[in-house]
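By letter and in written order, the chains are A, B, C, D, E and F; residue numbering begins at 1 in each of them.
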Amino acid sequence: MDLFLNILSWVCLLSGGFLGVTGAVGLFRFPDFFTRLHAASVTDTLSTILIVIGLMLQANSWMMIVKLLLVLLIITYTSPTSAHSLAKSALHSGLKPFLKDKENNNS
Amino acid sequence: MNMFLGLYNYWIVIILMMTGFYIVIAKGNLLKKVVGLNIFQTSVIIMYVSMAKVKDGAAPILTEGVEIFSNPLPHVLMLTAIVVGVATTALALALIVSIYEEYGSVEEDEIHEQDGSF
Amino acid sequence: MISNNLPALQIVLPLISAPLCLILFRPKLVWFFTMVICLATLGISVELLSAVVNTGAISYEMGNWAPPWGIELRVDEVSSFVLLIVSLIGAIVILYAGKSVEREIAPHKQTLFYSAYLLCLAGLLGIVITGDAFNVFVFLEISSLSTYTLVSLGNDRRALTAAFQYLIMGTLGATFILIGIGLMYMMTGTLNIQDLAGRIPDVLDTRTIRASIAFLTVGICLKLALFPLHLWLPNSYAYAPSAVSAFLSATATKVAIYVLLRFVFIIFGVTFAFEVMPMGTVLMLMSIPAILIGSTVAIFQQNIKRLLAYSSVAQIGYMILGISLASVTGITSGILHLFNHALMKGGLFLALGGIAYHMGAARIEHFKGLGQTMPWTMAAIVVGGLSLIGVPLTVGFISKWYLVLATLEQGYWPIAVVVLVGSLLAVIYMWKLVEAAYFNKVDEGEVVVKEAPLQLLIPTWLLIGASLYFGIHTELTIDAAQKAAEMLMGAGR
Amino acid sequence: MAEQDLMMPIIMILPLIAAALIRIIGEKNPNLREAVSIITATIVFGLLLPLAQRVMQGEQPTFQIAEPFPGVPIELTLEPLGMLFALIAGFLWIVTSVYAIGYMRGHHEENQTRFFMFFAIAISVTLGVAFSGNLFTLFVFYEVLTLSTYPLVTHAGTDAARRAGRVYLGILLTTSITFLLLALIWTWYLAGTLEFTPGGILAGTASSMTLSVILLLFFFGVGKAALMPFHRWLPAAMVAPTPVSALLHAVAVVKAGVFSLIKIAVYIFGVDTLIELPGREILLYVVALSILLASLTAMTKDNLKARLAYSTISQLGYVTLGAILATSAGIIGGSMHIVMHAFAKITLFFAAGAILVAAHKSEISQLDGLGRKMPFTFTAYTIGALSIIGLPPFGGMWSKWYLALGTLQAGELFLLATLMISSLLNIAYLLPIPLRGFIREPENNEPGLKEAPMNCLIAMTVTSIMCLVLFIYPDPWYMLASMIIE
Amino acid sequence: MFTAISIIILVVMVIALIRAVLGPTLYDRILAVNVVGTKTVLLISVLSVTAGRGDMVDIALVYALINFISIIAVLRFFEYNKQQQPDSEGQ
Amino acid sequence: MKQILSLAVILAVFWLINSGHYTPLLLGLGTLSILLILYISKRMERVDGESEPSIVMSFYLPYYLFWLLIEIVKSNIDVVMRVWKGEEAISPTVFKVKASQKSDVCRVLYANSITMTPGTITLDIDGDTFEVHALSEEGKAGVMTGEMDRQVSKLER
């Protein structure tokens, strides 16, 4: 039974890790701040969820599982707010998003 | 090669120490000096903690089921050193605020122009 | 109950009363409270000194934790002597500060001054009395932080920048000391100074210990402002309130020298520090320029507090020169000058405080005609100056005598000449003041200045009087310094 | 420890009490102030006489004040040379006080109270130098003497006085701190004691080279002996009022200098050690040069006080010469010259002061025919000059005689020649003044020129008579001088 | 296996740090720092699980809170700064 | 008064979970800290008027959260694909969308849900219209379908 759990946690962790790396790479490959924000939110959401679940599977006491859950709760609860305020603040400071559609595509 | 691998903590200590030292000396901005000072103090904290490491010893906080701990003394000392560091930084920032009120700047050379006090 | 845990009381009393100051709101009340505490502290250190003289070194374990875990307070020949100096100066300066602080520090900051003053006193006493190396660092930071605050209370805005500079260099110094202590702990596993002294010899020739002594020396030399690490001192003493300059000049650097003696002689031992490691040459190479450059720069200063600050740099050079000779006479001269310089320099700064009390600052132009308008203050400055020069019948002469004797014992007669030339330079910058005061008439436009108030004069003359008294009746000081030197030289291997 | 003889401390404290009294009553009642000075001076001299009696019988009373260093007490011990110096200081204090009253009032000097106060303090310190029982005590009083005479030298408070004070203090403190103190501590290190002991304490303690270095340090360290090149302070101090110059030149400062040199030569090195030291040769040449050069410079000086100053520098050379010759006659000659020169030179200074007060003339070229108007002053001057030149019937002759004998004993013929030449030079620079005064016709007959105030005349007469007495009855001084080298 | 995931997280942090250093606009930097913050929380959690110490997770908890608050504080500061002088770096 | 109690309960639960040691001293300290927080939050009310803790009370919530999780997984995969495909795979656009929720809480939940799913971010809220930045046209289309809007509105019944 715990072999199965081990493999499952291993899978979660690695996939979480992969998603993290993707997000990081996205930070570089995307042209402007707003697009990078999307890439970053990948690392914030699914990657964190997977990694924490992976860790919970490895935990050796109920207390640890509860605490890991709390950590996950805080991150998923705060990440949208911080992303929103980041974007809003950038917008207000006059940062124009890089738009791909035909008409007003700036240089 | 184990000179580097085996003692990589202490290499980090030295790098941090010299960075902090450089910032304190080279940077004219008073705030950056305080940052440099903090980096300098952090390097010492890392030195003490790495000195305390016992082979596969856990963090020196008593928990059931854990037998081998790292040496708690340096950790305790570093608590004090951190407190001292915080106090020094707080005082330094308070001074910087007063200096800014008096001189209108936190740049050493601008202050120096006013009455050659640096 | 009280008598057997006096060592703990020595630090705890000022430490606790520092926050208590903030409760009593009226400055006069706070001053009185602080004075009572300082006098009590002085009482304790006198009691400790007599105890040490009768029964030898006292060891006191804080909270009954035996070393090396618990912190041991150790009062021996050297520390009891320095304890007395610090608390004596502390008591005299606080008597003085009541009036002087009224003019020099804004009312709302005065309570802060007294609180920081008590903290500084507690810190300094702590450094001297503690037997635990890391504890030295902690008390060092307590005293240093309160010192930066005290310096920043000066009414000239440059006090702020001076305090900031002092903070940066002081913290660097303290951190160097922390690194040194860490390296020692790494090799010996103990922080208690007596234990360290026991265990260091078998790890002496390791690179870590050499690094440790190097870090410690540089850190401590920064704290005691030995040339060329003295850059923070002139501005700090010049722009700090007069009471602060007096207190610092007479105690802070002295305690740092005590720490140097404690670490180098008791922990590392003379043979290692002075024969294996070039401690003697290093300290001498730093102290000789300290004497010459310190005094020469002092001559050209317009702000007299800065003049005295540079003179302090030179006088510290004398003390370290004595110690660098690593002989009983040499260390005796160092420790003697520790006490003597505290008296004369403290007195001189207090006298300048009297001038600043009336004129707001102590620059050379304020000295015009002082001979007539403030005769007693000016007389104090002349006597203090003579003691600085080292004229016979003053304390300065006594320490200079032993220093020259120590250099001759080692056969370095050129260094003896350097010491004497240093005194000549002192003649020049002191006579600059005498001529300004006694030969110029007060030009009519000047505000009518009268003698400094009694509350300023009495402490000044207490110190200046002492610098004459101990120039003649020297049994107490020479005996204490001699015993301390023998203990230090003997302790080392 | 010989029982504490209280006489000496009393003698030293009396002038201090007088100084305090002068300070208190000075402003209100000048006459009373003057009275206090003279009475105290007489009492002090009175107390010195019985002491001299006891010293002549070989007694050496002692008194310990304090012990700043273990083994180095501040202690007063009266030996013959000290007695000799104390007697001169005591006697001349009376005479100078009398003179000063006349001079200060005649010359309308201000803050006279301060003058008499510091004068009394200086005398007390001079007596301290005379009584000092060991080299350390001597050094202590020597330094305090420099500091206590500084206010006298800069009495006028003018810019010139300030600059003179700077030169005075600069040279005296530099030499005493750098050379004298170094030699003193070095001696203490080598000999382990600083007590004045007949036969010296340095015998065999170090190589003759080191001892020579110490000897040079001592002789150049005692700046007050005005040995060239450290003589500049003496002419610079001329800016002070004449009684101060008198005090400096005849009574206290310079005498303390040469007195110390003899003590160091006799009681620290000891005659036998001193004679072999190569350093002594160097010093002999330096002294000879100093004597001749000073006399030559004196001739070029038109200002009377300046000329007398340079004359003092060369006369001091005589005493130093006596000390270094390290022969019995030399030391006797040197010691006696202290006495002879004291009385002769003080007379000359009194005369110079009188001329300044009465005729407001300070340059020698202005003195034509003044002798007729001021016969007493010029006669006194002549007596003093003849005594310095060393012609009978004046005391100066004895000291020069023994000094010459001393050079013979030492076999240094070139020194004998130096003494001869310098005597001729003395004539060349001292006698033109009386000649101008009596023989030359005054160019313009200034009206109202009259003799100096009565007090000055009294003082001058006393000191000039003493020059005569010294010739007829030199025995007590000779006895004291010869007791030094038993 | 735990070391594998730690190294991955470290790699992500390093990349994000590079972004922080290069990031042309100020907001790129804040974003990158936010990413580093979140990854630190994960790293601490991983380390505490490997050490088998439940109590260390609290540190991760605290760090997550601090990271969130400091991001908001920095943004507020720059917004406040906007009214003073337009931040040239913003464009 | 109700809010204070609910806040106190939440804090107590949170504290007990985390503590793990239940000695009287620690429990005492725990209550003390909770009281302190209550006092501060009481004071803060006067500051920003935020009175009651906003909790969505609805039985549908768990289902919604699960649905949201699925959405997150799907959009994550979508953005991951676009990252590896590179720049030409993205077509960033900004558009406005209407929110049909009445209560502020649900409206915030809807906005946050948009932000949480990678590919779309709520830039600004003006009354009931949200300004949204999407990484791609497909992202925009996804939001335009109003599926998420309907799901959140279910919570309001």
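Brief remarks follow.
By definition in this document, a residue touches a chain if its C-beta (ideal position, glycine included) is under 8 Å from a C-beta of that chain, and two chains touch if they have at least 3 such contacts.
All values derive from a computational prediction rather than experimental measurement.
Each step here moves to a touching chain, and the least such steps from chain B to chain D number 2.
Shared contact partners of chain C and chain E, listed by label: B. The leading chain pair by number of C-beta pairs in contact is A-E.
Greatest centre-to-centre distance from chain B is found for D, with centres as Cα means.
The chain with its Cα centre farthest from the Cα centre of chain C is F. Each chain gets one centre point, the mean of its Cα atoms, and the points for chain B and chain E are 20 Å apart.
Chain E has its Cα centroid 89 Å from the Cα centroid of chain D.
Put simply, the C-alpha centre of chain A and that of chain C have 59 angstrom between them. Chain centres here are Cα averages; for chain A and chain B they lie 32 Å apart.
Annotation for chain D: no residues touch two or more other chains. Of all residues in chain B, none touches 2 or more other chains. In chain A, the residues that touch at least two other chains are 23, 25, 37, 63, 67, 70, 79, 81.
Of all the residues in chain E, the ones that touch chain B in their complex are 51, 53, 55-56.
Here chain B touches chain C in the complex through residues 21, 24, 30, 33, 37, 40-41, 44, 47-48, 51, 73-74, 77, 80-81, 84, 87-88, 91-92, 95-96, 98-99, 102-103, 111, 115, 117-118, going by the rule given at the top. Every residue of chain E that touches chain A in the complex is listed here, in rising order: 1-2, 4-5, 8-9, 11-12, 15-16, 18-19, 25-28, 30-32, 34-35, 38-39, 41-42, 45-46, 49, 52, 54, 57-58, 60-61, 64-65, 68, 71-72, 75, 78-79, 82, 86-87, 90-91. Across the interface of their complex, chain E is touched by residues 58-59, 61, 63, 66 of chain B. Listed in rising order, the residues of chain C touching chain D in the complex are 386, 389-393, 398, 401, 404-405, 408-409, 413, 416-417, 420-421, 423-424, 427, 431, 435, 438-439, 471-475, 478.
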